[in-house]
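Shared chain: chain A. Partners: chain B in the first complex, chain C in the second.
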Partner chain A sequence: MELLKGEKEAILKHTKEIFQEFEAKRENLIPILQEVQKRLGYLPRLAMQKIAEFLGIPPVDVFALATFYNQFRLNPPGKNEIKVCMGTACYMVGGKIALESFERRLNIKEGQTTPDREYSLERVACVGCCTLAPVVVVNEQIEGKVSPTRVDGIILSLQGEKSKEGEEANEDTKEKLKGEKQ
Partner chain B sequence: MTAAALLEHYSKLKEEALKKKEQEQKQPLIMVGTASCGIAAGALEVKEAFLKEIKKHKLQASVQEVGCMGYCYAEPIAIISKPGFPPLCYGNVDEGLVKLLVQSFLIEDDPCYEYALVALEPNDIFPTFSDFPRGVYEHKIIMEHCGFIDPEEIDHYLVHDGYAALAKVLSQKPEEIIEIIKSAKLRGRGGAGFPAGIKWEACRKAAGEEKYVICNADEGDPGAFMDRSILESNPHQVIEGLAICAYAVGASQGYFYIRAEYPLAVKRVQKALQQAREKGFLGKNIMGSGFNLEIEIFQGSGAFVCGESSALVSSMEGKMGLPRHRPPRLTSSGYRGKPTVINNVKTFSYVPAIIRKGADWFKSIGTEDSPGTAVFTLVGKVKNKGLVEVPMGTTLRQLIFDVGEGPPDDKQFKAVQIGGPSGGCLPESALDIPIDFDSLKEAGAIMGSGGLVVLDEDDCMVAIARYFLEFTQQESCGKCTFCRLGTKHILDILTDITRGEGTMESLQILQELAEDVKDGSLCNLGKTAPNPVLTTLKYFKDEYLAHIMEKRCPALMCKEITLYYILPEKCTKLCNVCVGSCPTEAIFTREDGIKVIDQGKCVKCDNCRKTCPPEHDAVVKLSPAILPEEGGEKK
Partner chain C sequence: MSREITITIDDKKIRTVEGKILLWVALANDIYIPHLCAIEGKDLPEASCRLCFVEIEGKNKPVTSCTQPVYDGMVVRTRTAKVDRLVKTAFELLLSDHRLGCASCPKNRNCELQRIAKERKLKLRHTRFKYLGRETAVDDSPDSFSFDPSRCVLCGQCIWADHEKAKVGAIGFARRGLGRTVATFNYESLKDSPCTECGLCVEACPVGALSFKKNT
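Moving on, here comes the complex of A and B:
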């Protein structure tokens, strides 16, 4: 994914700061990656290269770890992060249906971010609210018993919040929703 | 240091805690369960509401956050203890109930019994836990205080004899402690059930000064959350267990390996470690005994395979979490190549109680070869979902039908999935198996970490097996060929079957492949990955056959071979609910007013079936996916 304006500078600034907190030891690789993701929201390619330089290891080792562990993401998160629970209990009562509904509405697949970086969609393992299944976590807020109708409701309310902020709404998705409502 | 001096040091600290507690009990105390599950259900709002109401009425009462007591279906939960009344527990609390309770109970002395769930102490008015079937079967050891103490307050743990076991062992010889744990036959609760005492002894005897103790809190099973719950509800208990282990094996550095997906658990353990340091239970020269111990947290990054101890160590060293060949065992060459003990959260949690009450007490609970209790997350199609702690040897039937009260809505029980992706599905006929490490293994499932998902007639067993294989296939680290490619191939075959494209030949391959993956994998992830397939093939072969021969899913769950159909004779023509509910505009109104589903557009989301008013109940699922003839109906 393309870097936004000023993002490169931010990456360089943050990685530099982070490197001051850690010893250049291989053991610190995961904590460093975690800290980078905490600050930047994801692991940009540039940051991984910088980490490799800092630790004196080949970039492929950093990349291997970043792709091995589920916690790390290589795509920037959307402004609105949507996580669909795929624990056993949720799966049994329609977690997949909720995931597919989001995929259809946002026109992206799980693990992706919309090109305007408004929404990102992920599947997560159990969030531990099995009694509310199927569960969707929208911007850290837990939504229980999510049906396809509720999916539309969630997206509409997120767009509502956005237009309230006076920004331009995500034309693409909005028009689509409108068309489908008619 | 003598035992007497240690005891005196400890008694002083406990005395202070008791005094503080006495002070607290003089006024009404409200406890709100705020583990992750409670927070998800709205516990923080409930807490705020209590604070607001108390302030509004200018009352003398305090509000505390406590952990989770395991009654997930009733979250958010609040406990109110007011002098003169037994402490009462209220379930499904919302803002309205908060207002009512503050007004009627705190101000006017009417406890609103109609809303109360249970009383916590025996009394003449209201039933306690032991008056319900669940309370009769339950025997709480490690969850005894979960949900009743503030996890961020070390004094609450001290009041309940917290850290007494640590004070006791510090005057004893490490070998004596290992002997107690060995004779208590404490088995590791991480899944495999390896005797903890033997592990500790091996580490104790291993050469070298530098040793490590690690608490494995990398709980990755979908549907299991007891480790998280214990860490969030009573972190000091785990810290104490870990400290005792460190003393016994001779380690001065300990780690908590906690999933980064459990931020609240990380936060509470961090706080607990801080408090333990301040009180002198951690750090240099603990309680004047000369024993040093530091504990740090390492945040795991979410790889299921890291639950395997050699993979866990590898990930702590900043590498990919790949398991390795053993021997050498971790007890001789573990973290940084030094002798290391890795035990599960629950295993460490039992240790303080065993030290305090003795090995014989522990052995009196549970079965001969698996003493103690088992903690299960009871979820799925069962009425009383939640965390349950029962003695080993309790049967699955008792657990599901007496404690959990069976499937809701009068549905028929079909199977129970036990042990997560490494476990298996057991049918009704296997329900009288007692729960212990060995019996479950014999039946083809495993104890695992204790996830227990109840399935009813609406759940397709092939789809369940496919779901777990999808999980293990994604989580396979890729080291062993059989696990990496075998699970993928099994998944492909299962996917074909759920699509109605399976053949009898593929069923044969499935069986052989499952056996091969079991034999050809290094670690337990691969060795147990085929379990869901093998057990469903063993107990539910008829469902596989229905998918293959008739292209029919008996549970009407597999989408590709079911379709949605509106029964013309039942459709009322007058309402439009289904049309509005359809996210893809697949439903239209026929000339005669009856609604029809355009099968080409239908995404089978189940919305129309759910929204069709119950008096009509016109939408049905059909499998195999063949539209019925509408002979005389057409006009």
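Moving on, here comes the complex of A and C:
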């Protein structure tokens, strides 16, 4: 994931501030990671390298821990956060199919973010409305009985909202997406 | 702690020192106990391969010998029905995520899994648990060796060698559960990692996951 303009500076600034609150001890690794994620929304690679430097451990050890716990995310949250429920009920009636449809449409895998940072896709456990299974949560909004056609509808409506913001911007990201694919 | 004691393993009387770890005492006295993840000198044993079970008189459940310190008068059995059942299941589970095809494996005849199968008369085949056959990519970016995750048993020997012997810190465990793999930072290729190609991890690998390239 490429860093946005000014993001590198923000990472360096925040990690520097956070390091002042902690002793450089290995047992502080989890609290540091939590604080970094709280401030930046995710754990950028650069931040993990800085943490490793600070604690005097190999970067791969930070990476190992960050990938072990589900609470840590390695990709930035998208403008539109899509969460597909993989609870028992949703899984049984085709939650996996919904997830795969999103993966195909957005051209990313579960846990990833599109290069333009418009969409992020993740799987969650039960959201608490199994009668609507399979459930997808889009920006805190519940979508029930999500079939692959509904997936297209959801993405179209999200794109529609965006095009209202400005037709040109939309074209830009499309172009950009094309470029990334090539 | 350094008191001389006597313990009994499979009817064999052994003089040793109190507090030593049972697995290493047994191995030093030519009593074979299967093991993959145990590392002598590591303070906290991983105890993740679940192969080194033994039964100790007075304990109602089998214990992993890599976590068990010896004490005076200890009576150990390495082969009982309970132990054999546990080891068989653990071995079958390991194989369910291990690509077989020993004939084409670089570690053929020099493989710890083959040794365990031979010693315990276990089948080197996918029997009760079918092979998961997950897609993995071989990393052959280093000049001298390559890494094939499909043959990895996640014992951690290579990571110990990398961290504690070579003091490099290029590889570690990533993710968890079935997704657990030996990986570099950000899954970059070994060539792009801090790896110095010292080869210690390859020597430490008990199976065919890490292997030296043949000079052609």
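List of remarks:
Definition applied: the second predicted complex is superposed on the first by the 150 of 182 C-alpha atoms of A that agree within 3 Å, B and C clash if a C-alpha of one lies under 4 Å from a C-alpha of the other, contacts with A are read in each partner's own complex, and residues count from 1 in each chain.
Simple rule for what comes next: a contact is a pair of C-beta atoms (placed from the backbone, for glycine too) under 8 Å apart; a residue touches a chain by one contact, two chains touch by 3 or more.
None of these values were measured; they are calculated from a predicted model.
Under the clash rule set out above, the superposition-derived model of chain A with chain B and chain C contains a clash between the two partners. In the superposition on chain A, contact is made by A:A64 with both chain B and chain C.
In the superposed model, A:K145 lies in contact with neither chain B nor chain C. When the two structures are aligned on the shared chain, A:R26 is found in touch with chain B, with no touch to chain C. In the superposition on chain A, A:K79 contacts neither chain B nor chain C. Set against each other, chain B and chain C differ in how many residues of chain A they touch, and the higher count belongs to B. Clashing C-alpha atoms with chain C appear in a single stretch of chain B, chosen from 508-516, 562-570 or 616-624: 508-516.
Taken together, the two structures place residues 64, 68 of chain A in contact with chain B in one case and with chain C in the other.
Interface residues of chain C facing chain A in the complex, by the touch rule stated above, are 163, 168-176, 183-186, 193-194.
Chain A makes touch with chain B in their complex at residues 25-31, 33-34, 64-65, 68-72, 86-89, 91-92, 94, 97, 100-101, 104, 124-132, 135, 142, 144, 147-149, 151-152, 180. Residues 36-37, 40-41, 72-73, 75, 220-225, 228-229, 260-261, 298-299, 301-303, 315-321, 377, 379-381, 385, 417, 420, 451, 453, 455, 459, 464, 467, 477, 581, 583-585, 603-607, 610-611 of chain B are the ones touching chain A in the complex. Note for the complex: chain A touches chain C at residues 45, 48-49, 57-64, 67-68.
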